[in-house]
Amino acid sequence: MSGSKSIEYRDASPEVRAVFDDIKTTRQVDDVNNFWKHLARDPAVLRRTWESIKEVMAPGALDPLTKEMIYLAVSVSNGCGYCIASHTAAARKAGMTDAMFGEVMAVTGMANETNRLANGYRVPIDPAFDR
Amino acid sequence: MSGSKSIEYRDASPEVRAVFDDIKTTRQVDDVNNFWKHLARDPAVLRRTWESIKEVMAPGALDPLTKEMIYLAVSVSNGCGYCIASHTAAARKAGMTDAMFGEVMAVTGMANETNRLANGYRVPIDPAFDR
Amino acid sequence: MSGSKSIEYRDASPEVRAVFDDIKTTRQVDDVNNFWKHLARDPAVLRRTWESIKEVMAPGALDPLTKEMIYLAVSVSNGCGYCIASHTAAARKAGMTDAMFGEVMAVTGMANETNRLANGYRVPIDPAFDR
Amino acid sequence: MSGSKSIEYRDASPEVRAVFDDIKTTRQVDDVNNFWKHLARDPAVLRRTWESIKEVMAPGALDPLTKEMIYLAVSVSNGCGYCIASHTAAARKAGMTDAMFGEVMAVTGMANETNRLANGYRVPIDPAFDR
Amino acid sequence: MSGSKSIEYRDASPEVRAVFDDIKTTRQVDDVNNFWKHLARDPAVLRRTWESIKEVMAPGALDPLTKEMIYLAVSVSNGCGYCIASHTAAARKAGMTDAMFGEVMAVTGMANETNRLANGYRVPIDPAFDR
Amino acid sequence: MSGSKSIEYRDASPEVRAVFDDIKTTRQVDDVNNFWKHLARDPAVLRRTWESIKEVMAPGALDPLTKEMIYLAVSVSNGCGYCIASHTAAARKAGMTDAMFGEVMAVTGMANETNRLANGYRVPIDPAFDR
């Protein structure tokens, strides 16, 4: 088995095709990304992941661009190469400008730095935070 | 030496007091958080960290609330207890509602899940992402 | 010096060859993986790592397949590309089926998601867990 | 707002009560853990997380004990205090002995060590892994 | 079983006592830290971990203080509360001054920040690094 | 937009050129690394990051080689491929020998292992650490 095996629409089971079709309709795209073609190796994982993503990323109290930038910030923090590439593309499509990208990176970088400073200096939580 | 040692304004050097004063003026607060009182053990770290934070968190292409929610998402992802408490409080102060908090958590959770699915399925980057 | 330098059996010192021989005998393979050829740059690290791995991965209260799936889940969680590839291969060799792989990924993904939800919601530990 | 706010059954909405009831029935417990009482602050997050967990942790190609040990290994690797406590308890309930616990820890520890050795030595993936 | 169970010298098996004795002799201390008392629940994990630590932390090409500061930097980066406390104490004992502590924190913080900037900007490796 | 876009000196704005010039003078190199050419997409991030790095990595209570080895250990722990390559090169230039590299890796590996053992065994902090 290849380390990286994807399933194309033409080779997919009806269950997988139904998910692919829903992704294409919801996102108005001609084909699904490699992420979905790989998850398709396990139809239950594919379906559950798509249903959750679809619900979580829909407009709500936060707009889609804000959600994509948060997704990008977490992916950058975790160092997931595929996710950084895919969510940079998705955030750009949702309206992220060069200036916004620079600020998402700056905030993500600072958060990673100060998270460690707080760890290392063993800072106790201020009582005021819970008021 | 205590594992967690902070420096209060009354005991601070002029260099540290200048930073504390700037934090209080910029944020319009009566006292600085424990984070700054602990960093004050090393005045150079205190000054540099504050100057960077002040610049990075100022309104720009992104508004302060969006920046605080990104900061929170990264802190949650890294599991920094102090930072989660302080940036939840800061985001609330900047206008984060209960519904927004729930969506920040949901996006952060999904990103952490799909980052690992992309890792585990060894998904190659779609050429379209770089177009 | 190359960023990635390995030592082949023919160029190895007697100390390194002894470890390579033990790996080949224990695992019944013709050659050792790149991981060991790179660690061989520091014979003490090579020997100590192999001795620990040999002891930890031997059958015990847990069977080798379960151990390999745990190893894979941690490697996926940490995003170590080499380790994901090598322990996917090792788990397959130990009997991991496609269905098992899908479930390891699903559990690893959910754990990463709920770890962050527990962090973000700042959930206190239930007293019952320690009973 | 408290940093850590939970919702008890008596104060819960019908939507939240339905999830709590399903957790209690599925797991045959008298009350739900703090994790669910906190997620209940956002009923959509609560429902979606429970439905995914219920599906993922059900017996399948892997038995529940193996799944709980993988969940524990990932939680230990990520350093989530709540999750370590809750999944240690869950794994014990599913049959994890002291000896199994020791081996899960040993494998998790070794995986974290060798993940970094593979990173640091910049080991290239063996072609054989993808065959 | 308690979530946190330790084994004291008086209750330890001969195998565990032998490790405790070696730790006390090597480090010239009257009692071992909680870390070792907890690992003692699994004598094989205790022995293997101590033997590796003893070998790795012995003076070599790097002096013990440098090794302790690296250990501290990694523990801060990973957010391990126990390890931050124990290795701050160990580094102080080995000679780490307040100024050195501040610089270890500063470097650790910057590394965590720039690691994410390199991830997010998707910076390709310079060919010169491998020359 | 390409996923990875850098700015060369000839195409840079005066603000970016000033930072590039300072890097080249400070480090006595003919050209800046890809890291800086990519950060140059956001001149404010470039300038702030360089000023912080310049200050943090200057000789102080710790010498430059010790700082580079700590930087490398953190980068290895975080799994940042670019940073591992660049800081291995920087540490070598500052005097890191093969033996030192092996020991940095060994300490980093052990710290990552024992961080998880401390998490998993839920070891409470020794009161003596804070004395």
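In order of appearance the chains are A, B, C, D, E and F, and numbering begins at 1 in each one.
As a convention for this text, contacts are C-beta pairs under 8 Å (C-beta built on N, C-alpha and C of every residue); 3 or more make two chains touch, one makes a residue touch a chain.
Predicted, not measured: the structure shown is a model, and the values here were computed from it.
Colleague: Which chain's C-alpha centroid is most distant from that of chain B?
Modeller: So the farthest one, by centre of C-alpha atoms, is C.
Colleague: I'd like to verify one number: the distance from the centre of chain A to the centre of chain E, where each centre is the average of its C-alpha atoms, in whole angstrom.
Modeller: 34
Colleague: Distance between chain A and chain D based on Cα centroids, please, to the nearest Å.
Modeller: 21
Colleague: I'd like the Å distance between the centres of chain A and chain C, where a centre is the mean of that chain's Cα atoms.
Modeller: Roughly 27 Å, centre to centre.
Colleague: For chain B, which residues are shared contacts with two or more other chains?
Modeller: Counting only residues that touch two or more other chains, chain B contributes 1, 3-4, 41, 44-45, 48-49, 52, 56, 77-81, 85, 88, 99, 102, 104-106, 108-110, 112-117, 119, 121-122, 125, 129-130.
Colleague: Sort the chain contact graph into one of these: line, ring, star, complete or other.
Modeller: Looks like everything touches everything, fully connected.
Colleague: With touch defined as at the start, can you tell me which chain E residues reach chain F in the complex?
Modeller: 3-4, 6, 33-35, 38-39, 41, 45, 49, 52-53, 56-57, 60-62, 66-67, 69-71, 73-75, 77-78, 80-83, 85-89, 97, 99-100, 102-104, 106-108, 110-119, 121-126, 128-130
Colleague: Touching residues of chain C toward chain E in the complex: what are they?
Modeller: Touching chain E from chain C are residues 1-4, 44, 48, 52, 55-56, 125, 129-130.
Colleague: With touch defined as at the start, can you tell me which chain D residues reach chain F in the complex?
Modeller: Interface residues on chain D, with respect to chain F: 72, 76-77, 79, 81, 84-85, 88, 104-105, 108-110, 112-117, 119-122.
Colleague: Taking the complex as given, what residues does chain B use to touch chain E?
Modeller: 1, 3, 41-42, 44-45, 48-49, 78-80
Colleague: Tell me, which parts of chain A touch chain F in their complex?
Modeller: Touch residues, chain A against chain F: 79, 85, 88, 92, 98-99, 101-102, 105-106, 109.
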